[in-house]
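Below is one structure, written out as structure tokens, with a few remarks after it.
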Amino acid sequence: MTDWEPKIVAFLCNWCSYGGADLAGVSRMQYPANIRVIRVPCSGRVNPKFILAAFRHGADGVWVSGCHPGDCHYIEGNLYARRKFTLLNNLLEHTGIEPGRLHFSWISSAEATKFAETAKQVVDAVKKAGPAQHFIKKQAEVA
Amino acid sequence: MNNPYLPYPVKIDSVVTETEDRNLKTFKLVFLNPDDEAGFNYTPGQFAELSIAGLGEIPIGIATSPTEKGYIMFTVNKVGKVTNHLHNMQAGEIMGVRGPLGNWYPWDVLEGKNVVIIGGGFAFTTLRSSIVYMLDSANRSRFGDITVVYGARSPGLLLYKEELAAWEQRDDINMHITVDGTDDPNWKYNIGFVPAITKEKAPSSENAYAIVCGPPIMIKFTLPVLTDLGFPAERIITSLEMRMKCGIGICGRCNIGTEYVCKDGPVFTLEQLSRLPNEY
Amino acid sequence: MSETYVSKEKLPGIVEQLMGTHRVFGPILKGQYHQFALLEESADLDLAFRNTRLSPKALFHPHSERMFEFTLEKGNPDAGILKEVPKDYRSRIVLGIRPCDAYAFKLDDRNFITDQFKDPWWVQRRESTTLVGLACNDPCSTCFCTSAGSGPFDTSSLDVLLVDLGEGYLLQAVTHKGEQLMGDLAGGESVPEHCTEQAAALKQSAEAQLGIQFNLDPVKQKSMVELFDAPFWEDVQFSCINCGTCTFLCPTCWCFDIQDEVYQSRGERIRIWDSCMFPLFTLHGAGHNPRDQKLKRVRQRFMHKLKYYPDKYADGIACVGCGRCVQHCPVNIDIRQVARLMAESCVCPV
Amino acid sequence: MRAYTEKIREAAKRLLSEDRVDVVIGFRKGTVALMNEPFLVKSLDQVDRLYWDGNCGINLANYLPKRPDRVAIVAKGCDSRNIVVHLLENQIKREQLYILGAPCHGMIDRRRILAALDGKEPLQVEEANGTIKLIGRDFEETLERSSCLQDNCAICIHRNPVVYDELLGDLVAEQENVDRYSDVRRVEAMSSEQRWQYFDDLIAPCIRCYACRNACPLCYCPTCFVDESRPQWVGKSIDRTDTRTFHFLRAYHVAGRCTDCGACERACPVGIKVRRFTKKLEKDIKELYGYEVGLSTDERPPLDTYRPGDPEPFFK
């Protein structure tokens, strides 16, 4: 498993974090290539079902990132999202998902450095957690 | 043991977009194994389960007639998961067909009778099968007059347009093609709803059976017209739709009262339906 | 048919013996409830049970069952072609099944085995199985097998009947298959005196305890449509929450769904228990749903069991009276009560 | 309990004959011991079949969403809180409702009793003075009522209805010093791997009948996520991952809405303690946002609102 590289699904909000990723790219900043970006209109758009779907399809980690609280393009979408993800994260960990699989961040479109750094942190954390064992459906366990 | 759930592998031979809204496509399928084709003996009015591995199955009426050899044809409306995927499939791709399933129009009873076929929209598939079957030179003499009323919302939504035009030219079939409305100045057929055109053309009920397939609203307004024309309930035949899975009367979901639409149907006479709960 | 007697101490030995030649399934206490499962050792068998929470239908028609498998690999000539999957059809014995639950298989046979189509999995499991039933000496208050065409000592679907006589079991062969099984057994004793009489007395007392709880004869005369339109369904359906408990616990509810699942580049077609209680059961692709209301779904379940099935096959009802739905319906809808309502609505008021 | 039955019948009679309501939702006596059936009364001649005892655990709020008529409904503490949730979520209007508040002493757990009787079958049940007398064909046994309550009732701190138009009896004393989250803490003390295993074992018997979902007054979505096909979020077999996904999302979907009425556990035919999922959410919501579900129609539910300074310990 030494050459194992984690797969990480990142849901980035269109107005901030996606812009941050874009800027990081344009600025030629280096960050690990383990991240698959899905652009969403707002972090509030990310339904918990999406996160579970990512895990079920074999993601080793999921990262959701949006605008800083107060800067949401839709005024308050990320503030609702914050509560939603807090509860989701707690319940996932409560039911046995290891800490370090699910990540949240606030990154503005100007924070390219923060994006690259957070990406590194996320990848490191997921690497530490190892390949995902739970929620992945490999084959139905049926008769 | 012969497994009735196992589809025969088939290859898509061609795909034809039937209607201007691009929601209906006709798929011509050929069997990969000749034995399967030999075993696929069907009669107009039957249906089959089209199977796409990874997505599921859909029950679709067989649009070809058994007199057309070497292939089978299905016209599919794009509505759900399987049909959307099917619409994106290309000639040459592999899928599955399971059947033939269900009962068929009562050809032994129709022999020697006049047949009035009334169809609306994309419910014309097994009616096409029936018309081709009856017009086949080996069969034509077995039936009396054939009258067809077929309508769609607009000319672009009619199925099998070339064949319709060819049938129009023949003198052994009375074709009444109609559309609900059109702004096409070259439209040379009827304009009006199917029930109204049926009333206008007034096919005789003398020694005749009517086969009616179409959207519920069309059927609802056509039935009284047929009754007025003197068709008794036992000589009005229709084909029902129902959510199906197994297609062989085992999985239990498509029943109307005691009858499984997939196995005991889909073809029923109005008289049979009147004895069943109104739940379809 | 022959009879043997097995004392209770000797039963484990007999079970061991059977396990040597067959896969033996029997009631095992799992957590709070008994459940039919493969015996790993004879001591797991627990015949001191009323009945299992789930009916043993899963032994023949599992909740989720792989039907076919396929590959979707690009370039593979078999891509998209469904293939059968191997199944274990080695001979097996179901030990301790209640007569009512076994009778259910006979009713289900009519659905799975028809002249035109035969369900291969059901057929092969049925053929490879010997049913050794355990007579019900002490039926529950919710049991009504005698009203449903079966009974506490019903042998109609069994190969062997076991009767618990306190110190031991009386084994009665019912079919040729059962006869063979008993012939192969070592350890049976000749039947002590009075045992046959004792079993007959137990049968009589169990049947008397059950009595006849409803009579559906009037329903036979009434037309399907009239019953369908009867007003009492409104009252019956109110409390229903449209969960699938009744259908999933029922030994004669066989309805299933077929689903395809894909895992990367391969997949499977699976069949899964379905329930007429679920709106999705009848929802057309185009959005129309013939059973879009709770009332229609509740009515379908009872009509199917008590009217459609008897009419279709010109025989008894599609219910064996095991009482599981009565016991475990979360809102206490009682099929016996519904049967009475159906029968009453058929009595001519004059 | 006899008193409640009388009061319910009296109120139903009065409300129907005065044309204050169109229907009354209550219970009728069940056909088996320790069970009663939710019952819709439409006319005066049905009123005398209304019934009440300690086996009315089913949450009647389940029958309210989208009702068009004027309804009188018998409501225990938890039912009343679910009515509040319905009001908040616009499932029914307060003007439509006439709430007959039933101060509650906790509802009886039928399974617990059957397990205690070890196979013996009670045919008749008498409740009196904090005991339950169970009478079977050849036995009689008396149990302490407090030892036979549903799990959620034993730790309930809102036994009195929070909203009502009239009461069926005197308000009861609420339980104090109740440890509501001992189950949650027990899991919290485990490692991730142990927790995963714990919940796997918990839901292993699940047969995907959806009784937990359907018994829940909150589960009124026209199409549940398990029934969605494009995309399909979760498989329908009893595969462990699918079963886990179902239970996880079901629990999450009632976050900030669940009143811990216990309807899900009561309905489960295979006895899964599904509240083990929802209790964690309830605890978090109380600790993080100071919210208790269904106490007031003035406060928005926790996932429908926010505070600028909400805790965000793990946000980067």
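Per-chain residue numbering starts at 1, and chain names A, B, C and D are given in the order in which the chains are listed.
Everything that follows uses one rule, which is that a contact is a pair of C-beta atoms (placed from the backbone, for glycine too) under 8 Å apart; a residue touches a chain by one contact, two chains touch by 3 or more.
Keep in mind that what you see is a predicted model, and the values were worked out from it rather than measured.
Engineer: Comparing B-C against B-D, which pair counts more contacting C-beta pairs?
Structural biologist: Result: the pair with more contacts is B-C.
Engineer: How many angstrom lie between the centres of subunit B and subunit D, each centre taken as the mean Cα position?
Structural biologist: From the centre of subunit B to the centre of subunit D is 50 Å.
Engineer: Return the distance between the CA-based centres of subunit B and subunit C, expressed in whole Å.
Structural biologist: 39
Engineer: List the centre-to-centre spacing of subunit A and subunit C in whole Å, with centres computed as mean CA coordinates.
Structural biologist: Centre-to-centre distance between subunit A and subunit C: 48 Å.
Engineer: Find every residue in subunit D that makes contact with two or more other chains and list them.
Structural biologist: Where subunit D meets two or more other chains at a single residue, that happens at 235, 237-239.
Engineer: Where in subunit A do residues touch two or more of the other chains?
Structural biologist: Residues 137, 140, 142 of subunit A touch two or more partner chains.
Engineer: If a residue has to touch 2 or more other chains to count, which residues of subunit B qualify?
Structural biologist: Counting only residues that touch two or more other chains, subunit B contributes 80.
Engineer: Going by the touch definition at the top, which pairs of chains touch each other?
Structural biologist: Between chains, contact exists in these pairs: A-C, A-D, B-C, B-D, C-D.
Engineer: Inside the complex, what are the residues of subunit B that reach subunit C?
Structural biologist: Contact set of subunit B toward subunit C: 1-7, 9, 51-58, 77, 79-80, 83, 93-96, 241-243, 245-246, 248-258, 263, 275-280.
Engineer: In the complex, go through subunit A and note every residue touching subunit D.
Structural biologist: 48-49, 52-53, 56, 69-70, 76, 79-80, 82-84, 86-99, 103-106, 118, 121, 134-137, 140-142
Engineer: Give the list of subunit D residues in touch with subunit A in this complex.
Structural biologist: Residue positions touching the partner: 184, 187-188, 192-200, 225, 231, 233-235, 237-242, 244-245, 248-249, 251-252, 255-256, 277, 280-281, 284-285, 288-289, 302-306, 308, 310-312, 314-316.
Engineer: Would you mind writing out the residues of subunit D in touch with subunit C in their complex?
Structural biologist: Those residues of subunit D that touch subunit C are 30-33, 35-40, 58, 62-63, 111, 115, 119, 121, 123, 205, 207-211, 213-215, 227, 235-239, 266-267, 269-271.
Engineer: Please name which positions on subunit C make contact with subunit A in the complex.
Structural biologist: Listed in rising order, the residues of subunit C that touch subunit A are 62-66, 261, 263, 268, 270.
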